[in-house]
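In what comes next, chain A is part of two complexes: it sits with chain B in the first one and with chain C in the second one.
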Partner chain A sequence: MVIGIPRGFLYYKHETLWKGFFDALGITYLISPKTNQEILDRGNEFAIDEACLSSKVYLGHVHWLIEKCDKVFVPRISSYGMDGEVCTKFPALFDLVTNTFADQEIELIHYNMDFRNADAEAPGFVKLGKLLGKSRTKSLRAYLIAKQGEKTQQILEGNKVREAMEQNGLKILVTGHAYNLHDPYLGTPVFEMLKKLDTIPISAARVHDKEIHRASHQISQNIPWVFNRELVGTIAHYQRKIDGIILITAFPCGPDSLINELVLRRIKNPPVLQLILDGQEGTAGMETRLESFIDIIRFKKEGYYDKI
Partner chain B sequence: MKTAYLGIDVGSISTKAVLIDKKNKILARDYLWTEVDPIGTVKKLLYSLSDQLAKINEHHQDNPYQVQAVGTTGSARRLIGSITGASVIKNEITTHAIGTTSLYPEVRTIFEIGGQDSKIILIENGIVVDYAMNTLCAAGTGAFLSSLAQRLNEKVEDIGEIALTSDNPTRLAARCSVFAESDMVHKSQIGHSKKDIIAGICQSVVTNYMNNVAKGKRIIPPIIFQGGVSKNIGVTKAFERTTGHEIHVDPDSHLIGALGTAILAKNSKDPRPFDFRISEADFQTKGINCDKCANHCEVIAVYQDEKLIDAWGNKCDRGRVI
Partner chain C sequence: MTKYKVSFPHLGNYYVPLERLFTRGLDVEYVVPPAITKKTLELGSLHSPDYICAPFKFNMGNYIETIEKGADTLVQTGGVCRLRYYGELQSQIIKDLGHDVRFITLSRGALSKPVTLYQSFKEINPAMSVKQIGSTLPVVMTMIESMDKVEDFVRKNSGFQKAPGVLETVQEDFMQRLRRTDSKKDVKKLYKKTTDHLLEIPLDKPKNPIRVGVIGEYYTIMEPFSNHDIEKELAKKGIVVDRWVNLTNTLFRKDWKRKKRVRRYTKYFMGATSMFTVDQGLRFAKQKYDGIIHVKSFGCTPEMDAMPVLQNISRDYKIPILYFTFDSQTSDTGIQTRLEAFYDMIMMRKGGLL
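The block that comes next holds the complex of A and B.
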């Protein structure tokens, strides 16, 4: 049996956990390719108009997997317990995919995470193992191995960010949801442009750190969404070590529309730039905004204005 | 030989060019509608500037001006920059900030509304401290004004004067030009006069700007208003009513971007002497659809007299033309 994993949404958070779990159980899986124009076009076809860009991308990935695997892996995640809630997209995703592709040959497989109904991560994975015909002990062991892998990965990510912070040069913290920032079609071009502009772009979207969670309280004490809380936490935590902040959002994102406004109002230093992605094909608008943002930070630092 | 520097600002609606001397003084200037032909428009502008420069040089025959470097800005900056062999290719925000502070070192706030972009730049002690730009669509920009003017069967250049004759501007939905247009038609059906509606349009440009671009920013005088829309006196007056401060519009307010990029070209460490004869060359652009992967990048190649000089648009090396 081959499990298909769509390369979208929480894949960018839990890649190591998911792959680790399937590897430990000896189950083969197929991951959809990196997002490209064709995947986005398919997603646009299947998604309703008002859906966010990231969910359109996700549906495109699911479509790519149809007929290439036996079951498509679509988890149903509604909260991370004490860490916070998630956007309603995530608990709805399983049913959304089921209904969108109702008239196609597709079978889904999932795990649930809903702390209010005592569905924590470990029991969720045990149930997933059961669906795959694996015993409780085997599944639990696979989960523990995979979880260990995820924790190691998070520590490594944290070290990477710490190292980047030590470098000399213009440091730009790029924040946003991991599934937007690290998507090769959506967020990666921003990082490439920033590198071309001779700056050090830093993303902390995949760092999971108690310290960062605590730091978010400096900006707001009651952000319900876990990913936004992490995002605000990284800003508060690194604020003094960086030269600029870029907020990346996929249009239209509910949680981001509130939280980004909060960040723009409460963070006065360093400068903040908000970029909204909506699958625009031309990159000129984005280039203009990034280039001018960097220019102004740099001119201020290097005293260019005296030369006019 | 005296040195001069050329700055070209190719916007979505109009194209502007200036020649400056070492002290940032404008020697020659001109502007034309872009009319979706940036290359042709720039050639025409270059003819005009070269004539103006020739006249100036008649008085300085022993010591004529020679263009030492070119800077480009605006939405077609890359295309025009590669054709003119520019030393500096810079975005509009930077060039506007540089251009304005060179003319008005004491400025604190710059309002800029162009054909498709609008922005606010805040300056303290001659240094940009903050700026914002419209995010997603062209609401409340020159494109909004010209589409509504067309609907009213008026020239976009005239609507400012017409707006001044109204004492009772009509309230219009300002968020989106499509909504504004249907709102405008509706208001006229229930009997609002044309001049009130036109004044309402000017006011809605300002409302939109204040709510979307300038929101949350502290607006401190002196305020300079520039970009193509600053030529519309109706919008300027609406800004004065809304902010309660005097709004200053420079006679060269549409040329500030070109001036800024000329200054950047002057200060660049890469001077490349420019020959006006370039406007006689034949330039062609060709769009190539790269089929090497699923991204289907649209690559643009620029040819000068059938020789490939530049290309861009490919997301990776597979689509590289040059």
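The block that comes next holds the complex of A and C.
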């Protein structure tokens, strides 16, 4: 049996965990290719027109997998802990995929994570193992190995961010959901452009410190969504160490529409730029905006504006 | 001591019970926001982020207009979707606009922790008494229940009056009198009188009328201005308009069987109002309604997730569904054209032409 993993949404957050779990159980899996125009076109065909770009990409990946594997892995994640809610897209994702592809022969496999209804991560994975015909102990062991892998990876990523923060140069904090920032079709071009402009882009999605949850209170007291809380916390935590902030969001992301506006209104220093990704081809517009943003930061740093 | 002048954004006709809750229950003055107009929406859109859902823009417009009218305390509720975070951003925007008002966000209190809820109410008026609220709440609930029932009756029968506009006049009269009622008994008496009056009005209702169900997102469905009065437009054509979503059904009644009913389509809870939408869509389909109209504001994620489910219901039960998305546009023409086409289509289906 081959399990298909769509390369979208929380894959970018739980890649190590999911792969590690299936590896430890000896199950073959197929990951859909990196996002490209073809996948986005597939997504556009099936998604509701005004759905967010990330969900269109996700549906594209699911569709790519349908014929190539036996089961598609679409977990349902409703909350991370009691106060760790996520955008309603994630609790609905399982049923959304089922209903969108009702005409096609698609079989889904999932685990459910919903702390409000006492469905924690570990029991979820044990149930998933059961669906795959593995014993309780085996799946629990696989989960623990995979979780350890995820933790190690998070520590390594955190170290990298800390190293980058100590470097000399123009440091730009790029914030946004991991599935937008690290998607090769959506966010990665921004990082490449920033590197070309001789700056050090730092991804906020790679920061996993516990402090950032507390730090987010400096900007806003009660952000309901855990991903946004982490991003805002990262901004508050590193505010003094960086030279500019770029907010990347996919059109029309629900939580971001509120949080980004709040960040734009409450953070005055360093400068903030909001980039909205809408899946259009061509990057010239984005390049121009990034260039002028970096120029402004450079001029400001060199005291150019004081001279005039 | 001068009383605080509190205001809460419009939602249909619910300003009447809200006024009671604030004036009697919390012992503050209540400023009824000016009726929503195009200007309200323009004002709201001007000061809102551009890709936010429409209710935010409407609320924003309401706030700015009530401040001009003299309110000094604005209240925003909590919710299960983006609504929960409205208050935080709206208070920031109003502060940035330079208005010196108190902004109270009830979403800081959680239903699971009654103390926090009490604290956030206490913020509105520090001198409030629990006893007063306790005695006012039942009256407010009865008011909401009776006005919902009256509205429901008018919606279902408005298209069949012999003299158009009579039902609406009675309803308006009822709302005016409701503001002057005093106790739960009064409200019930008024409700009884109004229903008697409503039932006397001559109707010209065919045996098997066209029935259309309206489902969708919480604010857009309940605030007539934001859905371009779609219910009245439908009723004018001689249609029974059925809508389940109102405060009584969504807040006061708990339905434990909903999950079981929709299990064929959704395995899990899909968030916010999407379950209401799916459940009611399924009910209309099962009861062989002639059509369903789904309304939502632009970018409403929970409703968007419910749409593929509705598409499947539409296919399985062969029931036409018309999807409307409203943003801050103000032209009625496009909406009317789509409604007319939909009406023609269900007429033809009914007549066996399709």
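For the reader, a short list of remarks on this structure follows.
The definition used in the following text is that the second predicted complex is superposed on the first by the 300 of 308 C-alpha atoms of A that agree within 3 Å, B and C clash if a C-alpha of one lies under 4 Å from a C-alpha of the other, contacts with A are read in each partner's own complex, and residues count from 1 in each chain.
The rule is short, and it goes like this: contacts are C-beta pairs under 8 Å (C-beta built on N, C-alpha and C of every residue); 3 or more make two chains touch, one makes a residue touch a chain.
For clarity, every value in this text was computed on a predicted model and none was experimentally measured.
In the superposed model, A:Glu38 lies in contact with chain B only, and not with chain C.
With both structures placed on the common chain, the touch criterion links A:Ala122 to neither chain B nor chain C.
In the superposed model, A:Leu197 lies in contact with neither chain B nor chain C.
When the two complexes are overlaid on their common chain A, residue A:Met165 makes contact with neither chain B nor chain C.
Residue contacts after overlaying the shared chain place A:Ala284 against chain B, while chain C stays out of touching range.
In the overlay built on the shared chain, the residue A:Phe251 is in contact with chain B and with chain C. In the overlay built on the shared chain, the residue A:Lys300 is in contact with chain B alone; chain C does not reach it. Touch criterion met: A:Asp95 reaches chain C, while chain B stays clear of it.
Counted by residues of chain A touched, the larger count belongs to C, out of chain B and chain C. In the superposed pair of complexes, A:Leu140 makes contact with neither chain B nor chain C. Comparing the two complexes, residues 251, 265, 276 of chain A contact chain B in one case and chain C in the other. The residues of chain C lying in touch with chain A in their complex are 49, 51-53, 81-82, 84-86, 88-89, 92-93, 96, 107-108, 265-272, 274, 298-299, 301-302, 304-305, 307-309, 311-312, 325. Across the complex, chain C is touched by residues 48, 50-52, 76, 78, 87-89, 91-92, 94-96, 98-100, 102, 112, 114, 220-224, 251-252, 254-255, 257-262, 265-266, 276 of chain A.
Across the complex, chain A is touched by residues 24, 75, 78, 90-94, 97-98, 101-102, 126-131, 133, 135-136, 216, 263, 267, 293-296, 298, 315 of chain B. The residues of chain A lying in touch with chain B in their complex are 36-39, 185, 189, 251, 264-265, 271, 274, 276, 278, 281, 284, 287-289, 291-292, 295-296, 299-300, 305, 307-308.
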